[in-house]
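Just below is one structure, and these are the notes that go with it.
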Amino acid sequence: MSAVGSLTRHRLFWPVVALGVLLLACVLKSHTFLDIAVRDGHLYGGPIDILRRSSVLLLVALGMTLVIATRGIDLSVGAVMAIAGAVALSQIAASDNPGSLAVVGSAVGSAVLVCLLIGVFNGFLVSVVGIQPIIATLVLMTAGRGIAMLITGGQITTVTSAPFKTIATGYWLGLPVAALIAGFFFLAMALITRRTALGVLIESVGINPVASRLAGVRARTIVWTVYVLCAFFACVAGLIRTSDIMAADANNAGLFIELDAILAVVIGGTSLAGGKFSLVGTLVGVLVITTLTFSVTILGIPANAVSLFKALVVILVCLLQSPVVRHKLRARRRQTAPAPVEVPA
Amino acid sequence: MTDTATPAPIVTMSGISITFPGVKALDGVDFRLFPGEVHALMGENGAGKSTLIKALTGVYSVDSGSIVVDGQERTFAGPAQAQGAGISTVYQEVNLCDNLSVAENIMLGHEVRRAGIVDWRRTRAAARDHLRTMNLDIDPKSSLSSHSLAVQQLVAISRAMVVDARVLILDEPTSSLDADEVARLFDVVRSLRDRGVAILFVSHFLDQVYAISDRMTVLRNGTLVGEYRTAELSRVDLVQKMIGRALEVLEQLEEAPKRSVAERADTAPYLQAIGLGRKGSIEPFDLDVYAGEVVGLAGLLGSGRTELARLLYGADHADAGEIRVEGTPTRMRTPRSALSRGIVYSSESRKTEGIVGDLTVRENIVLGLQADRGWLRRISRRRSDEVVDRYIEALGIRPANPDAIAGNLSGGNQQKVLLARWLATAPKLLLLDEPTRGIDVGAKAEIQKLVADLAAQGMAVVFISAELEEVLRLSHRIAVLRDRRKVAEIVNSDDVTTDDVVHLIASGGQS
Amino acid sequence: GDEGTADGGGGGGELISVGFSQVGAESGWRAANTKSIQDALTEDAGFDLSFSDAQQKQENQIQAIRSYIAQGVDYIAFSPVVESGWDSVLEEAKDAGIPVILTDRAVDSEDTSLYVTFIGSDFVEEGKRVGDWVSENLGTEQINVVELQGTTGSAPAIDRKTGFEDAISGNSNVSVIASETGNFTRAEGKTVMEGFLQAYPDIDVVYAHNDDMGLGAIEAIEAAGKVPGQDIKIVTIDGVKDGMTALSEGKISYIVECNPLLGPDLAEIIQTLEEGGTVEPRIVTKDEAFDQEGAKAVLADRQY
Amino acid sequence: MATDQLTRPADAPPSLGSRVRRLRIDERYLPVLGTVLVLVAMLAIGGSRYENFLTGRVMANVLINNSFLVVIAVGMTFVILTGGIDLSVGAVVALSGCVAAWMFSHGYGAAVAIPLVILVGTVIGLVVGVMVHVFEIQPFIATLAAMFLARGLCYIVAPESIPITDPTIVALARTRWGTDDGLVITPSGVIALAVVAIAFVTLHYTRFGRTVYAIGGGEQSAKLMGLPVARTKVLVYVISGTCAGLGGLLFAIFSRSGYALTGVGMELDAIAAVVIGGTLLTGGSGFVLGSVLGVLVLGLIQTIITFQGTLSSWWTRIFIGVLLLVFVVLQRLLVIRRR
């Protein structure tokens, strides 16, 4: 009883329920949805698709979680994705041998470099100049796409390059490479933030920057670092997205992804006011949103009603998850079965 | 005046219980408040005083129990309703809006209006009048954040006077006031009492409690110990009732001899400030602090003590002079540079500059250590358990649960957590800005003893306190500040009295 | 504050000043359109072109047109973001005596005197031609079509859907089993197609409102282990280079062109008007349609 | 102006309590002042680079073209002052435009349609307010959900763009008051200015307005001070929603149509305008007049781009980004210097 109680009281209970309901709806519509088949040694099927598709949003949301934990926000992630794709693909396209590993490696390397610079720039504006994050990153949200278009000349750059294509559509050990990449970075960050003191220092800066500075925490460096990390993850996400369609679409790569990422972070229980963050929560949030998007197609929601459908799901999840409703539900449960509260003296 | 009990209490709370996750903050507490009395609510840090007040004014909803105001059972939905019923409250932490002006803070919700439009001239005039009753001559248009905590506390009290209240609740209103302001406040309180207002007063200063209250209620660990007439309860008994045992440390300390500083004449000072100053905050000053010595800073409100300490810590940039640590010139660019040289600073405003509210007690305590080490090398769980347990024990932090959220602790306990953070870094020089603010008698004595012991073990301490007695009791040397300038420095000895220091402050060092 | 006759910043006073307000740069098609116009209206050709990008915002476009009126340009040309809502600003242009030419997309103004001419494609017609081809060539047996729509609510998406539906309405063999928006982008085209492949095991034809979504669909189909052009046929609209390449490789089966190269025509129209001539009120560009053979033939000298 | 006028005198030690000398210029006005300075600089540069730039017509156009944004930014200012944010305004503008167009095309008169159109915004604002206050959902998320909701409703109401031919709207769109050389104002402009004036009075001369600032300064404190936090918080979203509804109406007048894709990203423009106007996103500090200046800055950037006339699509974006950057950095430096 109390196990069930504490389960339903968990922050992530309703998001997970939402995930379950969406998957169930998909299965009811398309019975084979959850089936996983092995084909050419690779795994295929709805769940694998969802995993692979989550990778981009997961990476972006990963960086966003850290930024949000410091009370910040990064609107430029979409533009960074576009730049990453543009830099990498224009290099591959310009080379004589687009299929060579070295070319792809150097293209990816330079994309990462450019994006790190962008992160440094964002971090500088926020932590040193002291511009409010939403505006500081709005600069690159606007200009960044312009830069990406400048690189591609406004065209959609298309290439054929097997190694590059592997990033998004390849398989390793039967699993999609994209999901493995995202999973790797997710685990790495989860370990780094919890096994080192980075996590708690980030939270400390997010909760009370003044007190943290006085406590000797390098508040400025930490804030700066999270923007660089965020840009880096957005870069990887951008490369995956680009490799997915093998084309650098400066206009549309990562368009509005910042909203989805923020939504995922919040559904995962991290407050936009900064402070305590949960990467596992973010993962759940990402899965909910990806599944939601996926289910739109599976369920055959008419194009005109997609937005409404999404809004209703989001509102429902947020309402159920809200402290007030959780409290109400708990109170009701307590009324029916009053349990004595043990208090240590 | 009202010892012959007035017939009906204006507030009766009975059987009040409140539980927070993991803590039973109040357990069946009864409380009565009569018109025309000053009623002191006493108890250790975390005893539940603030919680009881918040239960009365509707900030917290009670789990059980009833609240009767004026013969009517009431459940207030929030402070607004309580105010409507004539209960005006000054909560423990200064709860004002520091983005607004002083006048606005005082008059918010009570602005003088004409046809719904606020008449600012008259509103400001009214605010100025209220400030005058507190003897505060500041520009009502000035921004609240430009004033020191003490002034803010006075502003908060002025605000409580705006409402024509029948019940006035003051939760530790005097924690950062000095003697003059306290006297002034008590004049106001007495005149209100004589007009029949019921006043609930919380303070850890026993002198003040005995000076002003008619009756007191003592809480311990969330339970009611009893209700007493002030005149009938001796201090020793009171302390015993509050902490449940006799208090020896206090006496011990009183007897500690004031150590002579002559013996360290041959050694170099640990820290030396030469012509250190910052435009607009403190004029250039010289100050030496030796290992094993407590240097007290004395001065009135806003005399620049905090500013001085912040410069030494690198929290603000000095624009003149230099600092030498163990003889080597050092630039204090950030708190980190101070920290790495063993200098730590415990801020006076723990809410905004001290405690990281949503982190746990454990995380708050090891934060200083961790920051010094850098992010990569996390302090092991074992090490942190060790440190945290030691300080929870040593300072009597309650609840003794390292995983409690620090922001939920009572004010005094937060202060202890902050102290623990700095002591854990084993500093060479400890800058303490009002470390005993809002701390109960027992703990205060513990902290004073701790400071004395640390100095005896060779730590250098700069000690700032609004309580001159405390400064005198602990310091070897006292630097006197006035109007953001260091005006005198004296060596403490048994013949130095508070009057001497007050005189020095008043004369600006010209005696 | 008129600065006299120093028109055009000191260049030849003979230049015709033209203000052009582009929708944005949302696709490769649009970029080609912009480039064509910038290449045609050069100083050498006798034009002084003021170009502005409205970033898909109608308010920016209205602002730009007002600004052109204030600058006193000789002609205004623009591709409206949306069909309706231009009357006010076009009236202002008319009052100022500046002729307006619409490119690529039409406006639904009842007062046709507000603009001189429209030059561009007919979106409904494009959809219809695709529909006809599908109906005639593939609709000989029962087939299931899935549709990748353009941006919800946008004129090309609505018109291309309508045109296609009109064309297949007579053929009971062709049924559209699902229709979802892919926002005219490759990435979304791919994701939506992945969903379709999950939900509908028996898709025969994909109708994409533009090449990009079609190319995305190809990626999805290949990833699912099927062969585009054989297992599932793809028909699209636009005819950008990538699309034509895919067509020539047989991955796409049929493309109806939507010609972005409106620059030369626009230049010609302005020249005609400048010389006092008249032009047709509606000039629909000659859009070709290609199958695999046709694509191979034109691919070599495709400019965009 | 000389910097030293703004620093506090270091000598003349003041006595207890009165030591904070009042600055010649209140620190709170500095960000707005920064905005004014940069705005003037932009005008000067624009005027020197482009002919016909500093004309009444162009300046009037900046207001006329942005009157709806002014109204939205005013509503946004209320929300941001409490420390919240409203992402739904762009979609609400579209929704009320669509509802307007739908009603007119279904034969409703202006007298019925206009109030209803504004009410659409009010209702969405109320829904958001309840989500934020009663259910304690973070404003960013509540308004994001409202944004999806409003956008979704747009497609239901008006799947295609609908022209508006209602005579009242047409008359409102056509009316121009002013001089012949183009220094004119439209009814929309007048409405926008009126909204600004009302907002100014509300924020600075009513208890409600002061409560808005107090909540931004510290919600907990405001609650403990006995201020009506709940009501005020819900009300600011209602105000923002209503302003967005009115903004939608003004946009419908401006464009004489209703279209589901209107106002994508307009919320960011409004937020940027408010922030450029010197309001802190953390709440509690800022002025509605600053927000108006912010809108003018954005409008001017757009105007300069059109006048430049040679920027390709990508350079346009880079240019906007760079101007925004220059702007916020300059403003920030001005503020730091004065501190």
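Which chain is which? They are A, B, C and D, in the order written, and residues in each are numbered from 1.
Convention: contacts are C-beta pairs under 8 Å (C-beta built on N, C-alpha and C of every residue); 3 or more make two chains touch, one makes a residue touch a chain.
Predicted, not measured: the structure shown is a model, and the values here were computed from it.
Chains that count as touching both chain B and chain C, per the definition above, are A, D.
Two chain pairs, C-D and A-B, are weighed by contacting C-beta pairs, with C-D ahead.
Centre-to-centre, using mean CA coordinates, chain C is 34 Å away from chain D. The geometric centre of chain B is 42 Å away from that of chain D, both derived from CA atoms. With each centre defined as the average position of its C-alpha atoms, the distance from chain A to chain C rounds to 34 Å.
Shown for chain A are the residues in touch with two or more other chains, namely 149, 154, 303-304, 306-307.
In chain D, 154-155, 159, 312-314, 316-317 are the positions where the chain touches two or more neighbouring chains simultaneously.
Residues of chain B in contact with at least two other chains: none. Taken pair by pair, the chains that touch are A-B, A-C, A-D, B-D, C-D. In the complex of the two chains, the chain A residues touching chain C come out as 29-30, 32-33, 39-40, 44, 46, 49, 53, 149, 153-156, 158, 169, 241, 244-247, 249, 251-253, 255, 293-294, 296-304, 306-307.
Note for the complex: chain A touches chain D at residues 75, 125, 129-132, 134-136, 138-150, 154, 250, 259, 262-263, 266, 271-273, 303-312, 314-315, 318-319, 322-325. Touching chain A in their complex are the following residues of chain D: 87, 131, 134-138, 140-142, 144-149, 151-156, 159, 268, 271-272, 275-276, 280-282, 312-322, 324-325, 328-329, 332, 336.
Taken in their complex, chain C has these residues touching chain A: 24-28, 30-32, 34-35, 149, 152-153, 178-181, 183-188, 190-192, 194-196, 198-201, 212, 215-216, 219, 223-225, 240, 242, 304. By the touch criterion given at the top, residues 7-8, 10, 13-20, 22, 27-28, 201, 204-207, 210-211, 213-214, 216-218, 220-228, 284-285 of chain D touch chain B in their complex.
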